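By written order: A, B, C, D, E and F. Residues from 1 in each chain.
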Amino acid sequence: MKKISTGIKGLDDILGGGLPSGRCILVCGGPGSGKTILSVQFLYNGATKYDETGVYVALGESPVHLKEDLGSFGWDIEKLEKDEKFVILDASPLRTIPKSAQLSLGSQNFRMLSLVEAIKSRTEKIGAKRVVIDSISSLILHYPDESERRNAVLDLVHAVTVLGATSIITTELRATALEREIKTEEFLSDGVIVFHTFNERGRLIRAIQIEKMRGVSHDHQLRPYKIYKDGIEIFSKESVLARA
Amino acid sequence: MKKISTGIKGLDDILGGGLPSGRCILVCGGPGSGKTILSVQFLYNGATKYDETGVYVALGESPVHLKEDLGSFGWDIEKLEKDEKFVILDASPLRTIPKSAQLSLGSQNFRMLSLVEAIKSRTEKIGAKRVVIDSISSLILHYPDESERRNAVLDLVHAVTVLGATSIITTELRATALEREIKTEEFLSDGVIVFHTFNERGRLIRAIQIEKMRGVSHDHQLRPYKIYKDGIEIFSKESVLARA
Amino acid sequence: MKKISTGIKGLDDILGGGLPSGRCILVCGGPGSGKTILSVQFLYNGATKYDETGVYVALGESPVHLKEDLGSFGWDIEKLEKDEKFVILDASPLRTIPKSAQLSLGSQNFRMLSLVEAIKSRTEKIGAKRVVIDSISSLILHYPDESERRNAVLDLVHAVTVLGATSIITTELRATALEREIKTEEFLSDGVIVFHTFNERGRLIRAIQIEKMRGVSHDHQLRPYKIYKDGIEIFSKESVLARA
Amino acid sequence: MKKISTGIKGLDDILGGGLPSGRCILVCGGPGSGKTILSVQFLYNGATKYDETGVYVALGESPVHLKEDLGSFGWDIEKLEKDEKFVILDASPLRTIPKSAQLSLGSQNFRMLSLVEAIKSRTEKIGAKRVVIDSISSLILHYPDESERRNAVLDLVHAVTVLGATSIITTELRATALEREIKTEEFLSDGVIVFHTFNERGRLIRAIQIEKMRGVSHDHQLRPYKIYKDGIEIFSKESVLARA
Amino acid sequence: MKKISTGIKGLDDILGGGLPSGRCILVCGGPGSGKTILSVQFLYNGATKYDETGVYVALGESPVHLKEDLGSFGWDIEKLEKDEKFVILDASPLRTIPKSAQLSLGSQNFRMLSLVEAIKSRTEKIGAKRVVIDSISSLILHYPDESERRNAVLDLVHAVTVLGATSIITTELRATALEREIKTEEFLSDGVIVFHTFNERGRLIRAIQIEKMRGVSHDHQLRPYKIYKDGIEIFSKESVLARA
Amino acid sequence: MKKISTGIKGLDDILGGGLPSGRCILVCGGPGSGKTILSVQFLYNGATKYDETGVYVALGESPVHLKEDLGSFGWDIEKLEKDEKFVILDASPLRTIPKSAQLSLGSQNFRMLSLVEAIKSRTEKIGAKRVVIDSISSLILHYPDESERRNAVLDLVHAVTVLGATSIITTELRATALEREIKTEEFLSDGVIVFHTFNERGRLIRAIQIEKMRGVSHDHQLRPYKIYKDGIEIFSKESVLARA
């Protein structure tokens, strides 16, 4: 299986080279864990180091806030945008759901379809090889039934997979315990990267884990990570408690 | 990203300078943890040290009780009020919900709209740079559906953000365990500060944690804090168990 | 803020002097923890040591049983009753709810109103400075909806607060774990005192904790307590495990 | 408060003399913990040692099985029955609920009333000073609503209390964890005795605890117990782990 | 109380001789714990060592699979069948419930009645002294309401008890934790034997426990067990961790 | 009972030789645990080492992705397909459920019937001795009622059993805790193999366990495993913590 480099220090190491090309990877984490930083870094490195254009689908923050938040990392996203190497699709209005839409499931499906269409057109326009959808939690919330939710996630995974690009979908982790319920999305995607935060005798430990990566021989352990001025870094040879 | 100082000992240290300017921060904590003290101190320091006026939206206590409770800290809030540097908006009647309002969601939205309008007019009137809404838990309780709740919080966050002021919204933490469910509000706000209380071999440990602060390189650890005669202080270099 | 002494050994110490005058304090505990003993002792000491009359609203036990149960403490409550320094309001019939009342919320509110009226008239009659309502759990049970419950508690807190007296409301703690869900009542009252019982390696530990006390600089730790022949005593300088 | 001896080794010690006379005590425990043995022993000792007649209300087992089960203890219950010092009221048919009764709450209340009437007539007939109702769990199960359940338990407690006899009501503990949810019945009765079974590093520990005993200064600790050929014995001076 | 030997190594020891004659015992365990092996061994030993014929009611597996599974133990069940010392009643079709039966509770009760009738006729035909029903979990599942379930179990226990035989009913344990919720069936039967599986520092521990045995003075501890080529064996003198 | 070799290093050892011939085995695990790898390896070894043809029913991934994912293991599945020794039945469209099907249970049953028919025809066509269904979780999700789910699983188990082949059905484990709820499927199948992932002091431990294997004397312990370039390997003599 062909792999594509994330260019993130330590991450390619624990991935055994990179993400599986053309597949859809889920990134799960709590608030402030670094889901957005990792995702944007994946796109930024693609555009600047590997000559692969990227599409960032903003479902969480508005693009204005996003750029401001990422400002400290010294990534010149606006230049990349001008060069059409990085496209931000502002889907943040989709976070909220109009009252009318709550009345019919059809309209909810219509919203999902519109999103898929928008992603498709941007991806094709710049020939993007990397796609990030950050995050799907609000969208999925509107499917109360577990089997409908499963269908919606499958539809989305299928839609980004047929585009041929390697994609990251982020989702919210709702508890801070290391032992946790496994989410439907984790079984449906081709790979799962989890950001953990847990308490060990009064210290909060932050760790990243490749829970699953189909077709890729990878490291399964918890690994410490840190967010530096130039992005996230994973300490691929260290154990979390040694570092703590 | 521009940061604004809280003026609270130790807090600016773990924040790496201060709160991100113009953003909406969530402060979560259990009863008696110090949410109100931290919030008011943020406003008080703004008005007295940084020449930034502030609005305190009282959704929990009546202003009379609030001033009495804060009396021991030696903060001359009434003088600041006279100088129009500190405004208390008494929204405590909104804690209860009239029977009629329970009948229609519309009226509930109307209440939220009224609140937003009132905050807006006070903020503009004194050109406030700092806004505190303490607390939203009662308001949110009236939205039984998770997706409606998400929408309501997003509306409120959006409303205070467009005002241009840096805002703190407080919310109740409903369990005393360190491992906890993460709330919708934590994902929707730009930053999250959590007050923890947990048991360590028969001692109650109190700690503060910057769980998330978009665009700000900050300390993620649990840090001990204490409430002194002149306000809250965070011990930014200490670990919680060392101090316990 | 003015404080009033409870006269209970050790309790005034951890309270930093006493309860905040004119406020409403919640006392939570499991069965047999000592909620009633602490409450009555607060009233008894008021009447005998501080010349403050008190009203005890009996929602749990009948006054006959109550006096019998407290007989071993050597408190001459009947003499105080004759001197109109201590009034017991028998509200124990309110524990049960008539079938008809279940049909309409209105009648439930009517019951709450009657209770409030009865408390008010007794308090005014003897000029009571201390009021105890023991316990509200049965009353609250009849409000199935969380937001209605919040309203009912707020109504009651408001009612006793406007009387000007310092009041204690007791409520049942429903689990024996130290880590617990925090109840609505804890956020709505001005102070919270919690009785804990937990297991530490085969020994049951009993402890009291000032969880919250608005406007009062207090001790936050778990402290051991014991029930002696002359009432409850708190060991304000000891840690629970040292004593265990 | 007057106390009456149970005559059970160690139990009177931790009770500080005995059960409070004329009150209603709850005994909680899991399957096989010894609830029935303790209850019958309380009655048997009353009849043989303290000249107090007793009524045993059998809601769990049929009287035939009960006597067989207690056969190994060498208690001559049949002789006591002949002498009218011990009466067994066979209420085991009440464990099941006829289909028709499920249709109307009224009929359920009717069943409770019949039970109360039957207990009353037997108690008065032999002038019983001790009453045991073993167990109420099946009866209570039919009240799905928490507030109705509270009312039903209060009715039953009131009914046995007005008889003037000292009564024990048994109820099932539904979990094997030491940390547990506290049941409504525990708050409504005058005293609570709990049988615990918990795991301590691979050993099951069995312990008894006086959780609550109004008006009685008692031991609150977990104490080991054993069931011998002549009944239950509590080791009132030992800690559970020392013995384990 | 008369006891009957199970003939299982170590089990009669912890039972203080054997199972109480004519009573109904519940055996609870997880998948693969050995419920079926223990039950069949009880019948096989009865037929070959104690001259007591037995009926095995197969609600879980088909008789063909059952015999195959037990083949390795060297028990000649087919010979016992020919000699009418061991009868297998194939009730496995009752595991599933026809769609029509879901429509009316009456038909569900009819199924239970048919089962009881079939058990009765087989038992009487060969004068069986031992009856095993393995397992009731599927049957009970169809009673959604807790009080109906209680009635159904009571009906079944009563039915097998009046036959005069000593019976074992097996049921599924749904969690692997040592601390668990106690099931209705455990309170309703005369004895309870529990198979436990739990994790102790990375090792799975398997243990058996006599939780309850009315009228029998028995061992309450967890005891290790093993399944050998000739059946189950309990190590009645060992503690689980010593062996682990 | 006849056993058939899996050919997987270490697995036949802990199975005491192999899987019971002609039976249906459940394999449970979290995302990325290795369920698919073990299952395919079982089929691949059958076709290449033991001359037993196999059918893989793909309910999770599309066959194209599956082959790509397994590419790194150097198994020439396409050659086996050409030789009719390995058949992949693409049932991945069944993962989603059409809206119309949600309206009637009948259509859901029809889908299950179609699947069973398709499995049957493929199995008979190549005389398959090994069948894998990977995974049933999506299918089962559509049965909201526990008793219907039980019926559906029984139907499927029965269907694959009557084919005479030895079959593996995989299912998703929904939590990462070692102590877990036991699923209906575990009681209904003839054997259960569980993949565990749990945290031990900051290290993730991966282990496999034979929870149940009817008619087979097997190892019950947790055993470490690893996924190598040529497939899964189980360390049948090691304990999980020793290796960790």
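As a working rule, contacts are C-beta pairs under 8 Å (C-beta built on N, C-alpha and C of every residue); 3 or more make two chains touch, one makes a residue touch a chain.
Computed from a prediction, not measured in an experiment: that's the story for all the values here.
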Chain B to chain F, fewest steps along touching chains: 2
Chain copies touching (chain A, chain B) - same or different residues, decided at half shared: different
Most widely separated chain from chain A, with each centre as the mean of CA atoms: D
Chain of greatest Cα-centre distance to chain F: C
Distance between the centres, which are taken as Cα means, of chain F and chain D, whole angstrom: 51
Interchain centroid distance [CA atoms averaged], chain B/chain E, Å: 59
Residues of chain F whose C-beta touches two or more other chains: none
Pairwise touch network: line, ring, star, complete, or other: ring
Chain D residues within the chain C interface of the complex: 1, 23, 146-147, 150-151, 154-155, 178-182, 186-187, 190-192, 200, 205, 209-217, 220-222, 239-241, 244
Chain B residues within the chain C interface of the complex: 30-32, 60-61, 65, 68-72, 95-97, 102, 137-138, 141-142, 172-177, 197-199, 201-204, 206, 227, 229
